[in-house]
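Common to both upcoming complexes is subunit A, partnered first by subunit B, then by subunit C.
And now, the complex of A and B:
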């Protein structure tokens, strides 16, 4: 193998695929990145067996071949290097990669690419495409609600339903639920559902670009993998097996108290008031009374905090308590100027919705406290 | 005269009719379904079985069936076996002195048959044909030849149908089921060489491999992790397995003692086992042990109690010290114990934060008083000095600086203390902070856990758990204590149910639950903390009532005073 490419091009590619390199692993080769020549240039692949990322960077190929080298070392070296052409040459006998540039000559010991775990390529299967920016927002608005408890594996994923020209993403950790609808750019067809690990989507959102450029989503024919592809970058993830809980039934159909407020105002006030809730496991109370909204938090040691929020309060008077973290999460990702809170009682799920859009919904279960 | 006529006549004394006498006598041996299970399994063991399968339906009231592959009963003996005092195990009075079988009184089958409908099918080894017997309330209803795979099958139906009083005194089905699991587990632990299977309401409750490996049985009865951690005991004629000090239970029920493989109950010997843990165990946590005492049968009298549960020893003192010695030996091999005896260096005083590790040989180390707390004598309420956070090291300790001292804080113990105070205060005030669940988690419970769940719904609610039955063996957790991370919910819920078995004063129980919740909700050893969380933790710790120790009594904080450090570094 002998290829030449610009340090900056290679650096960007390495940066993208490095997201899939395992930090801790008992399999040393998973710390490595696979370099292979391809018709378009140099293909970089990394995997932690759960997700895999592949990117082809522009390079001049003189001689074909492949090698795996420690991802961290190569990435650090290339990023620190001035933007000059680098020539990578494989010494097959010693399985080492020589990197030559106007300033440096380094040799990195590698591992035979035959030992690298196969990272599958999207084959046939249900294929749809969505604008990258939309998908990125949808992921940010849902992954936060996914569980990190490996004891309930399906909840560590985001439930994705494809239905006609629409996709729905839903995630819950058992205490809150986030649901986002998304229009597909291309593709359609019957209902199909998969559960994608939230971690994989979080990685995906980091490599997604802003803008309306589309990204393809392909559900593997075996229905155990999903592939995202945009331009020369591809991310593969395994799917979570299991039955996702029927989240539809916990969505309240109406509310008896409705509060509409500016998202930033409510977020700011909630954050400040919740400083006083730290010693009470972050409990914050929402009180809607005679058309006014008051937020309170108190603990015996720290003190207490009461704040009024400018808001339109309609319906019955109500007092309800939440874990402030769940509220703050929702308000930070709802993404609209105004937000609407809907309640039906102190022990029933509360709903948070963006005003002016009906594609997003965040449900929180309250905390039972002595009021 | 008329008045005299109405006086009740003096009742005549008559010998009881045999069926009445049998039913009364049976009550001594067969008091609950678990007793049937125990007697029938013991018979199967005495018959040389290598596999015993027990099936229970309707918490033992519908069916208890025990199938073994033992020697079987001779067809001509089958009916005799159900007569009172009929046994193949003891022939003469002299035999009683040297019993090696589990049964010997010849009462079990007769007692069971007196209070139930019993079907017995058996084929004796060497015989081609089996025999079947059907009895109801002790009377033979049917008898005849029957096909049989060899061994014996006893099916007990409608237990206590003719003794309504007994029936009334039965506890909750889940409690009776738990007792049957316990009885089967005890025998399985006593006989690791026999594959014992218990199916409860169609569900496998216990299954041991029968490969003569006690650890494998412990794994089946408890769990694999405990089985692997158990320490081997083999000393002074006492053999078996013993839990390391770090593993314990809320009740004394988990010490299984056997004499020559016969399960016995002996308060004093259980105490001997506990004695061996002196200083290694908390007052109200109890060890887990399976111990077999090998003794000359003539030195034990097992014929003390109808259920053979109690025994008498010729020389109880010697047996007591043998048990204690054997356990003590095994515990010396436990890592915790080695740490404590080999330590000598690290001496932390709970009563004062100003303790210092005294290096051996340093001028301040005195053999007669190695852990004299330095200064601050007579402090009433221990207080932490003002701490300023410096760093987290090893993802486990927070390093802070106090005026004139270096302070190390165990992050888990510190957070545990903070949460403990908060949770305990909340529980004591009756305040609740319960996160309701949007998608409830379903947990499958053992019969014992289910019994605890049904018995104490208010207590569970008061600590923040809400759950409802979900199918016959499962519950749905609809709300959890606010602090508890999702990954800990099921484990803590089960642990709370397990601990409910033990007797506690309400105050003690509150303390324990608060400690349990705090322990499982706290940051762990090995968790990386951000600077903000670490600083927050230190300030919350300083505000607690007893900042220097965690609720388990372990120290949270180690203060190394500058003058003491100087001495250690041999600085003038």
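And now, the complex of A and C:
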């Protein structure tokens, strides 16, 4: 193998695929990035067995071949290097990679690419495409509600349903639920559902470059993998097996108290008041009384805080307590200028919705406290 | 020297009824149950006019009716009693910063060091009694002494409208001639055991060697001996967040019946959880107390994975303690249930396990019924069937165990 490419191009590609390299692994080769020549240039691949990321960077290929080298070392070296052409040459006998530039000559010890676990490519299967900005927002708006508790694996995923020209993403950790609908750019067909690990989607949204092009989503024909492709970047993830809970049934159909406020105002006040919700459940109380909204928090050894929020309060008076983290998460991602909160009582789920859009819904279960 | 006052409203529920319905004044009034004729409740309060007929608190209503058919029988109206009680406690609060409510109609006040401010104890007692009569229309009995125990005995000695002050140093002399059963904590069962020693007055009890009482009653014997001498160092504790909550009951006759023990324990736990929720708290530790015949007290506890205030979860932990520790061969004379390790309640409800919210709501509905109609208005069904099933399952297990 012998290829030449610009340090900046290679650096960006390495940064992207390195997201799939796990910090802690018992399999040494998973610390490595796989370099392979391809018809378009140099293909970089990394995987932690749960997700895999592949990107092709522009390169001049003189001689075909492949090798794996420690991802961290190569990335650090290339990032530090001035933006000049680098020539990468494989010494097959020693399984090492020589990198030559006007300034440096380095040799990096590698491992035979035959030992690298296969990272499958999208074959046949259900394929749709989604506008990139929409998907990024949809991921941001849902992954936060997914569970991190491996005790119930399906909840660590995001439930994705494809139905005709629409997609729905939903995630819940049992305390809150986030549901986002979005329109597909191309593709359609029957209902199909998969559970994608939230971590995989979080990585996807990080590596998606700001751009207007669509993202292809392919559900593997075996229905155990999913593939995302944007330009020269590809991310694959295993799917989570299992039955996702019927989240539809916890969505309240109406509310008896409705509060409408400027998202930024409510976010700011919630954040400041919640400095005083330091107990185990981070309790913050919402009190709607005679048309006013008041937020309070107190922790016996810390102190307490009370603040009014400018808001339109309609319906019955009510006091309800939430984990302030869940409220802050919702207000940070709802993405609209105004937000609407709907409640039906201190023991019933509350709903947070963007005003002027009906594609997003965030449900929070209250904390039961002494009022 | 400490100065402690015990106050007790006379025939409280009945007095509140007579106060708001002037036509009842001077007539025997019996409050209890739901007020329906023929029902099986007990007397919650009897006015002083009803007492000469022999009507007493806790007596079945049917018996009260036989004893005093001309009495006016009324159902309990707890919201009214609570309102009247709050009015009285507002007055008490003006007399001392340390007021310990015991019940709607009973409290201790710490008056230590307040003589310069309020005047001599007897004057304070009279002023308070008159103020309560004037402003609330209710009669109050007052006892003042150097400790809670003697103050309580004093206030109860000459009800109604009594005012008894026991001067410091005269506690033992004051208690001495009184019958054993006047001593708080000395219930019928304990009294019978002491009377077997030929002891009939508190003074005679005080004269017994402490070691003998310790032998008979353990730690409780030592406390009993101190009480008989008028010594009680327990402080007046204003209500705050409790550190623990417990209830216990002594059986009239020792109990071996397993179902009855489970049933009693669960009823006690319901009182505990009700109080726990009223304080807005949740508990991490459940405690079971058992006193076996002759006088051996055991306390067993278990700690839950997360704090809770739910009836079902705490009762389940208590049942598990009973299953693990109740010795079925020994007669039980006292059983107690309690919770410890309390913290402010903050239970994150679950979206997916919708039953958790429903169960909590059920507890709260039961609480509101008890607040309106009294602590014994409603009980969870004690699953006698389950207990029996356990018996059968035990038998079955024994059978299986016998097989190879």
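Please note the rule applied: the second predicted complex is superposed on the first by the 367 of 371 C-alpha atoms of A that agree within 3 Å, B and C clash if a C-alpha of one lies under 4 Å from a C-alpha of the other, contacts with A are read in each partner's own complex, and residues count from 1 in each chain.
By definition in this document, contacts are C-beta pairs under 8 Å (C-beta built on N, C-alpha and C of every residue); 3 or more make two chains touch, one makes a residue touch a chain.
The structure displayed is predicted, hence computed values, not measured ones.
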{"item": "Subunit C versus subunit B on the shared subunit A, clash or fit after superposition", "value": "clash"}
{"item": "Partner chain in contact with A:147 - subunit B first, subunit C second, else both or neither", "value": "first"}
{"item": "Superposition-derived comparison: subunit B or subunit C, residues of subunit A touched", "value": "B"}
{"item": "Touching partner for A:262 - first (subunit B), second (subunit C), both, neither", "value": "neither"}
{"item": "Subunit B collision site on subunit C, chosen from 45-53, 189-197 or 279-287, when both complexes are overlaid on chain A", "value": "279-287"}
{"item": "Subunit A residues contacted in one complex by subunit B, in the other by subunit C", "value": "172, 174-177, 245, 247, 250, 279-281, 283, 300, 323, 347, 349, 363, 365-370"}
{"item": "List of subunit C residues in touch with subunit A within their complex", "value": "277, 279-281, 344-354, 357, 360-361"}
{"item": "Residues of subunit A touching subunit C in the complex", "value": "172, 174-177, 245, 247, 250, 279-281, 283, 300, 321, 323, 347-349, 363, 365-370"}
{"item": "Footprint of subunit B on subunit A - complex, ascending", "value": "147-152, 155, 172-177, 245, 247, 250, 278-283, 300-301, 323, 347, 349, 363-370"}
{"item": "Partner subunit A, residues of subunit B touching it in the complex", "value": "422, 425, 430-441, 479, 482-483, 485-487, 490, 536, 540, 543"}
